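Order as written gives the chain letters A, B and C; numbering starts at 1 within each chain.
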Amino acid sequence: MAVPAIAAQTSSQRLLASTRRFSRWLTSTRVVLSLAMLAVMFVMVVIPLYKLVEITVTWQAHDLTRVPTAVEGEFTTFHWVRMLTGIIGKIYTYTPLQHSMTIAVGSTLLALVIGGSLAWLVVRTDMPGRKLVNQLAVLPYIMPSWTLAQAWLVFFKNRTTGGTPGVFEFLVGQAPPSWLSYGPVPIIICSALHYYTFFFLFVSAALISIDSNLEEAGDLMGASRWRILRKITMPLVLPAILSGVIMTFSKVMGTFGGPNILGLPIRYYTLATMIRGSLAAGEGGDAFVLAIVLILLAITTIYINQRLVGTRRSYETIGGRGFVAQASKLGKYKRAFQIAVIIFQILVIAVPIGLLLWNTLMLIDGNYSLSNFTLQHWIGAANTHYNSGEPGVLLNPKIWQTAWNSIKLSLFTAFFTALLGIILGYAIVKGRGTRLSKLVEQLAYIPYVIPGIAFGAVYIAMFARKLGPIPPLYGTFALLVIVSVSKHLPYSSRSGVSAMMQVGHELEEAGMVAGANVWQRFSRIIFPLTKSGFMSGFLMTFITTMRELSLIILLVTPATQLLASQTMFYTENGDAQMANVVILILIAIVVAGNFIIGRFSRGGSLRKGLGM
Amino acid sequence: MKTFVKLMTLIVLFSLVVSCGGTPAVAPVATQAPAVPVLLPTTTLAPVAEPVLSANEQWAKDNGLGPYQPATDDWAAIEAAAKREGTICVYANSSKITKLQKPWEALYPDIKWDCGDTDSIDVKMRAEQEAGNVVGDVWFNSDGHILYGEFVPNQWLWSFVPRDVVMPELTAEQPFAVARHAIDVWGYNAEINKNGCPLKNWWQLTDPALEGKLYTEDPMTDVSTMAKWATVAEHGDEMATAYKTLYGKDWTTDPAAQKDAFGQEVPNAGWLWVKKMAQNHPVVVDEIDIAYASVGMDPKVEPGYGWTGWNSVEDTAAGDIVMAPCLEMAPTIGMAKTSYLAVANKAPHPNAAKLFIKLALSPDGYAPWAAIGTYPATASIPLEEGEMPFDEMLSKTWLMNPIYDWENAAKVRDFWAISLLTPK
Amino acid sequence: MSTTITIKHLSKHFGTVVALDDVSLVIEPETFVTLLGPSGCGKTTLLRCVAGLEDPDGGEIYVGNKLVFSHPQGISLPPGQRELGLVFQNYALWPHMKVDKNITFALEIQKMPKVEMQKRVKESLQEVQMEGYEDRYPREMSGGQQQRIALARMLAYRPKVFLMDEPLSNLDARLRMDMRVELKRLHHISGATTIYVTHDQVEALTMSTTIAVMKEGRLQQFDTPDKIYHFPSNLFVADFIGNPKVNLLDGVVSGKNSVDLGKFKIPINTSYATGKVVVGIRPEDITIFERPEPGAVEFSAYSVLPAGADSTIIARLGEMELTIRVMGISKIRMDEKIWLKFDPQTLNLYDKESGLLIAS
């Protein structure tokens, strides 16, 4: 039967219809959330970026001493010219850049080798004790990245920087060579030992998901093990490796802690340490130019990754439940491998902690005799001769306050990050394919490319003054929370998206059909189902925030001091042992937190938190 | 990815465009010389136009600070006003500030003691002034170059010196109250060198034999160390004389005095010293470590010399490390780093601030920092036992000039950075 | 319960892909209408538009007398207000809720009193023969059981219209048969207007009052199963419906009521047709003779596939291949000569160009 055509509309009717459609769109949940997120990210991400660029192209107060005719606030190419050309450019930009690259490349490669090999051993061989290795592999990531560097210093310190001899010298009688104590070699080693966890997790997940049929086919055709590895396995694992490479490379490029501890004594500057140094010297223009250089580098790395991995994403073998049919037999070397690996892992964790602990039990740094044994730094009363007159750490109310600050910050950040994650996930997934959704997703990704130290620098500039309705936040706890949450945006969006996708759109649609409104759908369907993802994200964020240094080093004030920055503060004041006590406490809190939250999360875990 | 790149480009372009528009940073209009109140004659002359005061100047005037400080201090009124204000917030860069809490509370139990040991005071106060949200009442900090170079032109700090305090070194150009001078010196290992410091002249420090044995903080990242090298540059004439004394010839004959491969010129003997010092690659150490480093613990290893605070001597008294200052160095035995006291512009508790400054300049206020190597700025405060008399100290050390430092520190830093790369 | 669903000129596109192209349909009250077609034909999109989970780019939808969607007026009611029930292909049971909570979810939204809700739960579980499963979690049940619960969930709040999106496609063959029976009975008992989406034409034929066949977003034919089966209105429908597939033979009209198929001519009502045509012959409408028969054409048995109750025989004549269906186990051997006879009454003639039915 023919259905009559619909009557044509007058233009005013059309206008009314369009208005109705528009207002429905505007008030739909995902659009409201998307717009809200856009606004939030605009303030937290876009404006800082803009500010960063702005400062590098305007005259700053400090520049007037060099160029008296400059007018503060006016446009200038001075900073860029200065930092990119001539001998100044070489000293302040290119040399640190080269150092940063060296360290990033070295660390990434070394971490890849270590992590990849471990992954292979755990997933693909019959080495005994694999489960234990699996669990231990995650621990180095929990400790702050500069813990190893600090321990290294305690051990390998030599006279180049004067001061007291390190443990090595004490044990061996001779000072270690400088290239071993300071500079790129130890920085690379320490970074690699911290980040190998990434590669371990990524590569083992990839290896597990490979459908063994693919390799068996090669085997049946008579290919050698080696050939199979090269031609079949490697290409399939490549995307995972590349993801690990990108993450590690970017992080190491912007890391502050290690290079600060091991590079500064021999003037081995990296971009991150030069940024802080420039800021300390009042050279804001210099510092932000370097920050932008760092950002551009990060973008380039990601771009390269996209080009290499982008087309290969489809290599996820469909239906590859992966059973690891072929476990390589290690034969008589089984035990040897197991022992070697477990010793290695324990070393990487226990030795640094042990060294730090030993150091904290010495009254005067460098005096290794028994008479020097003391608990002063832990529970000693205030004594003007030691530690600038501060009491031992456990008795020090300042430290308790600082520890509480750190815990508070981590909890708040973890909570908001996870919450934002759900919101972002909903907004992005619900609007999959629309421009709005893409925009939100892209914006959320930006903090990934801004190194922590640059973020911190910009936030000082930005939030010093009132920003619209936002009061000036410098020196407040709120600022630290905002900065931490912003830095975690890409992570929270990614985990939120994956959590939402796991929930599946049909479950929410069933709720819609049943007549539930937005709140009901969120509270009764979405939140309960994303709980485990929420907890994993919470855990992950808690850990990373507790030990974050680069991000907050420029923003903390005595009122909002955090454990991580407190250690830097002590070190720079010459109270190295106090610093080490605080580090140990930090590690203890993080490990405890990991344990406690792991108990509560029922299904949440660090692995899940990392998105695998 | 494409969208991402587009977005970034947009942001960059946007910033460029906006900054071309050039909205200058917030800076109040500074009138030339803050006007001293003019007493108008009572005759009916055409009234002289009073100079228009900026908002900050008006505030200073209302609160009797800076050039508007009245000829006598009405302490009763000030105290009453301070009690009404109820709190004092001091930003001090020394942890010893906590020792002033008790004396304060004894004197003014009704006025709450807040804030205290603070990092990056200049950053914090700059932020507060630009935001218009002032929390800290008192600047109790060194960084004189920032104080005079940036804060004063912006009218972010106002001076206050109690009228009954005699502070001879104050000038119209540098009117801010001085809390103390801490002298930095070259230290040596007195245990090994039992006959005193082997060094008698600053130029000996540039001897290649001492490479790797000189310890200082990193001037590249520590402004106050850089300011000290700037001070050396400031005293070019004296350095020239010292050069002649040691080597018997003119400093211009030194090969390093020539323009180097990077086109750097050497304006005077002081700059020459900075250059040669850089070429000697002093070891970069943290402040307290210098005391240990310059003496070392193992007598077999020849210790060097460290540039550090004179008062570090007491800090290292534990154990058997002995560091002593080289007191016969030509042309100077050291430099005085100055700590200043100033009232923040638009401070919430200006009268409490005045009371604090009064306390800080009294013997009780100086006591936490009293040590050999530190000097108060007023002759009325007694010195430590065995300390060099004030006048002698002034004649033998260089007082750092914050304005010179402000204008030259950046240049000296670049000069230093480049010199590090030049061969000897 | 008399709810007519009127679909007027719906269009929908996703980017450049056209999902619905001017689809109009009037679904009579209490009927069981199946939307049938291959994947990508728009049937699911159409269902989701009616449900309110997608918004078309043109057209109107009425449920009963209520205008639930109108593009020209910019109106679109949210799904919850359209008084429809929906069963998803993947059941969409909320995994963190037990069966009883799954069922009462919608009722709680409506603020039904507790006693009433419990009654409803019992009733709907009875209707799907899943009594006693109130306390189970979805993951503790098999696919078939979950599907029933999904059904019960929909039944519980007594919607006027049932919408079902390929609810049986995730079940195994045996279960599917059983569920079809149940669904048809449920529809019969409840009398609700039902829209059912499937790609399985057997399902459509067995369950529906009427079938709407769709292809690439356009409605091909909207008719009873009988008419669709015997008189498909175009080549696509003819080809899509029927298992085994219909035989489609190219030919040319030659003279009155005769089509030249190349190898032989076939008598058929040609009506007004001229030129290139296609003849459609259902496999069961071909009679096989094992001896020459007047009017029958000689073929060779290419393949014989007996399957219990009937047998499928593939016959060949040169390039031409025909599929024939006979009852019982066939005794014909491969490569045997057979003679095939066609009944003009059962043949359908299509225009080659347009694919449309000319005469039957």
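The working rule: contacts are C-beta pairs under 8 Å (C-beta built on N, C-alpha and C of every residue); 3 or more make two chains touch, one makes a residue touch a chain.
Just so it is clear, the model here is predicted, and its values are computed rather than measured.
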Most extensive contact between chains (C-beta pair count): A-B
Innermost chain, taking as reference the mean of every protein Cα atom displayed: A
Centre distance in Å when chain A and chain B are each reduced to the mean of their C-alpha atoms: 37
Distance between the centres, which are taken as Cα means, of chain C and chain B, whole angstrom: 88
Gap in Å, rounded to a whole number, between the CA centres of chain C and chain A: 54
Chain C - residues contacting chain A, complex: 6-9, 14-15, 24-26, 51-53, 59-60, 70-76, 78-81, 84-86, 88, 90, 92-96, 105-106, 109-110, 157
Complex interface listing, chain B residues touching chain A: 1, 3-5, 7-8, 11-12, 14-16, 18-20, 22-27, 95, 116-120, 123-124, 126-128, 130-133, 135, 146, 149-150, 212, 215, 218, 220-223, 226, 262, 283-290, 292-294, 296-298, 301, 304, 306, 315, 317-319, 406-411, 413-414, 417-418, 420-421
Footprint of chain C on chain A - complex, ascending: 1-7, 9, 13-14, 16-21, 24, 433, 504, 506-507, 509-517, 520, 524-525, 528-529
Chain B-facing residues of chain A, complex: 46, 49-50, 53-54, 57-58, 61-62, 65-66, 71-75, 86-88, 91-92, 159-165, 264-267, 276-277, 280-283, 299, 303, 306, 364, 366-367, 385-386, 388-390, 438-439, 442-443, 445-446, 460, 464-466, 471-472, 474-475, 556-558, 569, 571-575
